[in-house]
Every structure is written in C-alpha cells, then in structure tokens.
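After this come two complexes, each holding chain A, first together with chain B and then together with chain C.
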Partner chain A sequence: MTAAFAVSGLCKRYPHFALQDVSLTLAEGEVMGLVGVNGAGKTTLLRLLTGLAAPDAGSIDVLGHRLPQAQVAAKRGIGFASEDMRLYRSQSLDWHIALVRQIYPEWDDNYAASLMRRFDLRAQQPIGGYSHGQRVKALLLLCLARRPRLLLLDEPTTGLDPVARAEVLEALADVLRDERRSVLFSSHNTHDVEQLADHIAFLHGGRLLAHRDKESFLDDWRRVLCLGSLPPTLANWPEVAQVRSAGSQIEVKLRAWRDDLPERLAAQGLTVQRVDPMALEDIFVTAVRAGGAA
Partner chain B sequence: MNQVLNLPLIRLLVIKDWQLFQKQLAAYVLAGIVALALLGLARPWAFYLGSLLLIIVLVAGSCFSISNSLLVERKEQTLAFVMSLPLSPLDFTLAKLAGNLLTFGVPFGLLLLGTLVVVLTTPLPDGLVVYSLLIYGHILLAYSVSLMVAMQVESEGWNTFAMIASNLLVNPLIMLLGQIDAISIPARADAIVWSLPAVLILSAQVLLSLAALGFTAWWHGRKPAFY
Partner chain C sequence: MNVLLLSASDARPMYQQIIDQITTRVMAGDWLPGQALPSIRELAASSGVSVITVKRAYEDLERAGLIATRHGKGSVVAERLDQARGLFEDALTRSLVDAIAHATRLGLDRGQLHQRLDVELDAAESTPTPTQGNLP
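Entry: the complex of A and B
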C-alpha cells in the first residue's frame, strides 16, 4: 500500500520542548486522528510534515517526496490548515479563491461553490467581518477545493460553536469518502477523533505513545467495576492503567483487556460487577494521568 | 535542497502584496505630490514646509511597506497561510523582498522623479538635485536596513527601533551635508555639481543598501525550512 506519509526516528528540539523519536506511517486513503494535550507536540509534527520545519534527526517522506528538501513538490499535494492560520482581513473570500485557484491546477470551482453554500459564506464580504467559525470554514474551503491528496489539519474544530463544528465535521466526512485521499488531523477533542478517524496516534510529552487502528485501540481498554477490598498489588499489573477505590467499590481501568482478566480479579477476592468499553476521551485522560503509557 | 525557483508563485505573491497595499500607497503618493507642490512654490516657508512633509511621507511610506508586508502579516498570522503554499524558504524570501521593493519602490521612484522635475523646472536652484539625491539615498539605505532587520528578527520592539533609528539619522545627515562645502555651496547654485564627497556618500548609500538586501536574500536562501 502507498504511504501518504512515513516518518522515522523523527526528532525536533526547541529550548523548552522536544519531539522525540517519532515513527509513524499513514497509508493512502486512511484517516488518522492525532490526539494529545496542549504542548504534546501535535503542531510540531504537523509543521514537520508540511516541510515548514526541518527535523534535527530522522526522515520524513510525504506523498513520495523527502522533506524538507522537496517541500515544494510535496506541498502541491497537501492541504494544510491550522488553528493559528489566518486569512487577509481586508480581502474577501473571492479574492483568496482567485489567488489559490491560480496556484493549484486541481482547483474545483463547483466544489468550492457547493462548500460556499454549505458553509453559508458570503464571498464578497471582507474576511475581517467573518466570525471565528466562518474564518475556519473559509480556510477549510480553500484547502478542500484544491482537492489535495493529503489533508493536514491542526485543531480544525477548536473554538467552533456546535453548529459550525458539525458542519465542518460533515464536510470532512465527505472528503473521507474518497478512498484516495488521506487525512491527518490533530485535536484534543476526542469526540471529533472518535467520529472521523480510523487510526489513532497518541502523542504525549513529545513522544508517540500509541499508533493503532481505532477499533483495536478502543477494544483494548475496559473499565471494570468490582466489589471487595483493594489488593495491594493490583496497581502493579501491567494491564492496569488506573485503580480507584471508594469504600468497597473498586474501579479498574485496563489498557490491555484479556478475556481471562475477570477470573484473575476474582482470584484476588474481587467480585466483578460490570465490564464496560471506554470512550476515547476516558482512555485519553486515563493514559495521561497514568504517566502516558497507552 | 531544491533550488529551482517557483517563479509563477513568486510573481503571484508580489502581485498579492501590491493589491493589498495599493490604496494606502496611492495616498502616500498623493501626500508627496502636495509636498512637491509646496516645494515648487520656491518660497522659503513653502520650501521648509514642503521638504519636511516630503521627508515625513517618504519615511512613513517605507515604514508602512515593511510593517504591513512583514510585521503585520506575522502578527495577524497570515504568514502561516502563505508558507503553506507550495514555495520554499528561498521563494518566500524573494517574493517578500520583491513585493517590498515594489510597494516601497513605486512611491519612492515617483516621488524621486517628481522632486527632480520640481527642482529642475521651478526657480529652485538646480544644484539641489545632488542634495535631494543624497537625502533619497539615505531613505533608501534606512529602508534596506529596516527591511533586513524585519526579515531577520521577529521582535516588534527591535523592528520599531530599527525603523525609527535608521530614518531619524536623516537629521544628522542633513546637518553633515550642510557642513561639507563641496556639497552645500553648489546646492545653492543653478548648476548640478557632482563633487567627490557627494559621489562617495551616494555610492556608499547605494552599495550598503544593495549589501543589506543581498545579505537578506542569501541568509534566508540557505535555510532548508521556515522554522
């Protein structure tokens, strides 16, 4: 399978932060959600993938081009939008479209017009008069209508109201129907990731903690409620990410679920009351609190 | 590093800068024309007022060009949008330099031409041509240094300092020119005299300007990435 991007042994050091030894691959047609708290290294990784930053060590190949050397060729196939990217306030969306259309031969006027209607954007109005949500949607329109092979989105839904967020997610879901297009989007909103991604990469403290397909990743985690007295060694089990007790009620969050675990808990004198799957948000918070091991 | 320039995109970005600032630049040229009209009256009060207004317009125009094309773009985060386009750091640097030189150069060139026309076609002494060119040479040098600093340094404070300090040095330059007889005496005569000090000062201004711009292009052209 062709890789939309492949990074290996990637390191980037700043005075107060370092992205360390990240190896990650996204196959063509896949959608990866990059999850991490603020400062985890998501933006740094995306800057490296767009060729905007040069790595201190490691290799980056995007759409078959080595970065940052061949960043111009790679960026022709990339649509990149970040939360801190702004358009020219004094100019209209039409002006921006005229600019971008001249740069990308794949620009799709019909698709741009349909996105303009869907996002309810006024093409002639200066961008300065747009709300935050409208500015984000305008930026996404400029990215999507150029029909990029790889879409890199840094926190695309941050700061959006629920309606604007739903519109943006729907537009992204449409893009994902095209099996040749690949998407990497970063977010600390795990609901968005759970909704769109089929792969999850988990960054924490500049390190890649996990990189799995979403289903198997979610399948590994369980929340188990037990009754009994807390066994002193339970927290040391490698499968256990977190243990909390309130009286005789014990909550165990497991990072590596196996079918024999209820029996092993019972052997410790615990009565297993229920076993529940965990939402990505819960997994995310648990893993971060557990020191980052996902 | 792929050093093949993306010339169509560089051209587009230069046009973009021109489109963004053309209305304000037209206003600067208009103010400059008012200043030149005052100069053309060839009366002491009008000459003083006109030359002061002309220098203000030239300084404000050069600062506007740098501020809006680089500092405001950085502050308002539109640079991220430009950098995401298929261009290398060298393409970006050349587009920024060319865009800046255009937005600065057009009003500067028009006002320089206007000044020469006014000096040569009104009762003002033609010897002022050399004097005027030395003042314009300083504005060009101050602009080039400020542009170099703006491309190198992100700090708003240092950029403001560079723009104010380099442009304010026009005051000591005017005083210095007044102290050099080979320049100040012919300036009052009706003939254009290129004395050695005048040639040396103008050459230094032009060469230093070119060096500042060349260094900026070379320095940024070496960078493999933006960050």
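Entry: the complex of A and C
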C-alpha cells in the first residue's frame, strides 16, 4: 500500500529556526494530528509536504510521488488549506468555486453544495463581507470539494467559534468514510487532535519528540495522586515527567505507565489515592515543561 | 440517527464511552444477537471520533465476548452472550471480594457494608450515566 506521505531525515534551516531530522509516515486512510507550541515547526513541515518549500536534506514522498521531481503529480492529490491563504475580497464564493472547478476535474458539485449548507455560507456575497470563521470555512470548502486524497490543514480550527469549530470537525470526520483519503492537520487545540487523530506527531523546537498511534500514546501517561512525604529520588525516575507536592499531597505525572508503578510508589512509603488517565492537553504541557521528552 | 451519544464533557475516555454504550445497548436488548454493528469507519465518521479509538473499543468488546468480528465482513453482536455474562459475573464477584476485604480493614460489620452499598446504589441512581467501568 502506498503511504499518504513518507518523509525521512528531513532538514530545513531558516536564519532563526531549523527543522531537524524529521522522519514520519502516514498510512493511507489515517488521520494524523500535528501538535506543538508556536514555532515548533508545524507550518514548516506542512509547507515542505506541499512542495511550497524545498528541504535542505532528506526525502519527501507524497502519495507515492517523490518531491520535488514529481511535484505536479503529487499536487493533484493534495488539498492544502492554511490561515494565510487569501481569497479575493471583492469576489463571491461562487466565483471562487467556478475558478477552482476549472482547474480540478475531480470537483464534486453535490459535495460542495452540502458543505455550503453545513457551513451556512452565502454563495453570492463578496468574501470581503465574510467573518473570519466564514472565510476559514469557505477555504475549507474549496479544498474539500475537490476530494483530494491527502488533506494538509494548517490550524483548521484556530479562531473559530465553538459552533463553527464543531461544523468543521464534523466535515473532517466525514472525510474518514473514504478509506483512501488521509488527513494531516496541525492544531493548538489538543481537544481536536485527541478527538479526531489516529496518530499524533509531536514537534518541539524543530524536532519530532514523539509520533505514535494516539491510543497507545495517551495510554502511556498517568496522573497519580499520593499521600506521604516526597521521596527525594522520585523526580529522577525515568518514568516520571513531573512531580509536585503540596503538604502531604503529592502529584506524579508519569510518561511511561506500567501496572507495577503503584506498588513501586507504595514501596517508597507513599499511599496511592488516585490513578487517572491524562488529557492530551495536560500531556502536551507536561512534556514541553519537562524539557521535551515525550 | 445517532448511533452513540458521545461527549467530551464525559470524564471517561472516548473509547471507554463507546464500550460502555455498546455494552448497555446489547445488554438492554436494543441490539440483538447476530445484528450487524456499524463498521469502524462508519461509526468513527458519524460520531466524529478517530478510527483508531473505535477500533480499540471494538477489540476490547470482542475480547469480552460481546461482539464478534468476521474478517472482511465487519462486526456483529455475539450470538451467545453467555461468555460475556460469565465474564461480567466473574468481575462482579471479584469486586465484591475486594469490597469485603476493604470493609474488613475499616472494621465495618455486615450491616454497615450493606448500608454503604445502598448509599452507592442511591448515588448511582441519581446520576443517570450508562454502565461504567472496565470490561473484565
């Protein structure tokens, strides 16, 4: 089976930032969520995959086509949407649709019409009068209705109100019905990634900290609440990402959970009170603060 | 039509909500033995959850004997739920044995333990959540 994309040993240097040695593969039919703080390299990686930027080192294959040589073939199958893409303010959505469907024969009029209803967009109104959320949804419509095999979305839900966000997420979930279509999306919103992604790729400071299937990634982390006095060596355990104490209450965040850990904590004189799974949001912040070992 | 009612406001992880709701519906007889379940992709798309999350839930449900997956044909509710019922019975017995052990440590007598069970049952009834807890 052809991978949706495969990059290996990817490097890209800018004056104040470098993406370093990123190797990552997305299988066809899967959704990957790209997480990382601002400046982690998410947009750089997306731009490299779309062929908008060329790498300094490493290889990029998209839908079985090597970039940059087979760029034209690869780009036919890619749908890219990012916040800094501009639409013509004086023109309507209908005008933009006519433009895009001329270029892409795969354009699906029915799909476009159903997205127009779902996103509650007015086709004849000039884009200049759209709100931010409406512009984001219009851009996404133009991208989705081509039915590209690989969707690359840079922050598709940023700046959207909760209702618009739900509409966009539902439209993305619908893409999953077709097992040949794949999605890579970056987001600050860890809830969106947690909900929709099969895989998580975690970028920090231009490096890939972790890339795993989401369920096993989340399963590795636990927040444990204990009672007792803080054992001095606990913070040095390789499994421990963070320790905090307040009086006799101790909170331990574990990055490599195993079933025997409560016993080992008990052996340190601690009484384990609760063991809870952690939300991606909490894992993300903990991992970044722990110096970026996820 | 909604197949499942999943919510981010629910404290349980998504895969656990899927397991609990399918278990509830099978045990309630909404879904009959042999009845086809939505495909993993279909359920993922209709409830806005990732494919891998639904897959994990289905795998757990299969191990517990609640559903059966025929290769290439999707999943159905298990024809015989004896195995699932048996596992739930075993899990209940284990929890009760644990509860008795804890009660003994706390020095509770039989009457006090009965009382505690009633308190928990009342609490569970006042918060209308579906079946919870890990599959055996």
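Keep this in mind: the second predicted complex is superposed on the first by the 293 of 294 C-alpha atoms of A that agree within 3 Å, B and C clash if a C-alpha of one lies under 4 Å from a C-alpha of the other, contacts with A are read in each partner's own complex, and residues count from 1 in each chain.
Keep in mind that, in the parts below, a residue touches a chain if its C-beta (ideal position, glycine included) is under 8 Å from a C-beta of that chain, and two chains touch if they have at least 3 such contacts.
The shown structure was predicted, so the numbers you read here are calculated from the model rather than taken from an experiment.
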| item | value |
| --- | --- |
| Touching partner for A:198 - first (chain B), second (chain C), both, neither | second |
| Which of chain B and chain C A:157 touches, first, second, both or neither | neither |
| First, second, both or neither for A:69, with chain B first and chain C second | first |
| Contacts of A:286 with chain B and chain C, given as first, second, both or neither | neither |
| Partner chain(s) touched by A:102 [first = chain B, second = chain C, both, neither] | first |
| Touched partner set for A:182, first chain B, second chain C, both or neither | neither |
| Chain A: partner with more touched residues, chain B or chain C | B |
| Chain B versus chain C as contact partner of A:31, first or second or both or neither | second |
| Residues of chain A at both interfaces, chain B in one complex, chain C in the other | none |
| Of all residues in chain A, those that touch chain B in their complex | 47, 50-54, 68-73, 75-76, 78, 80-82, 84-91, 95, 99-100, 102-103, 139 |
| In the complex, chain B residues that touch chain A | 1-2, 4, 6, 8-9, 12, 16, 19-20, 76-78, 80-81, 83-88, 91, 224-227 |
| Chain A-touching residues of chain C, taken from the complex the two chains share | 8, 13-15, 41-42, 44-53, 56 |
| Residue numbers on chain A that touch chain C, as the complex places them | 29-31, 169-170, 173-177, 179, 191, 194-199, 213-215, 218, 277 |
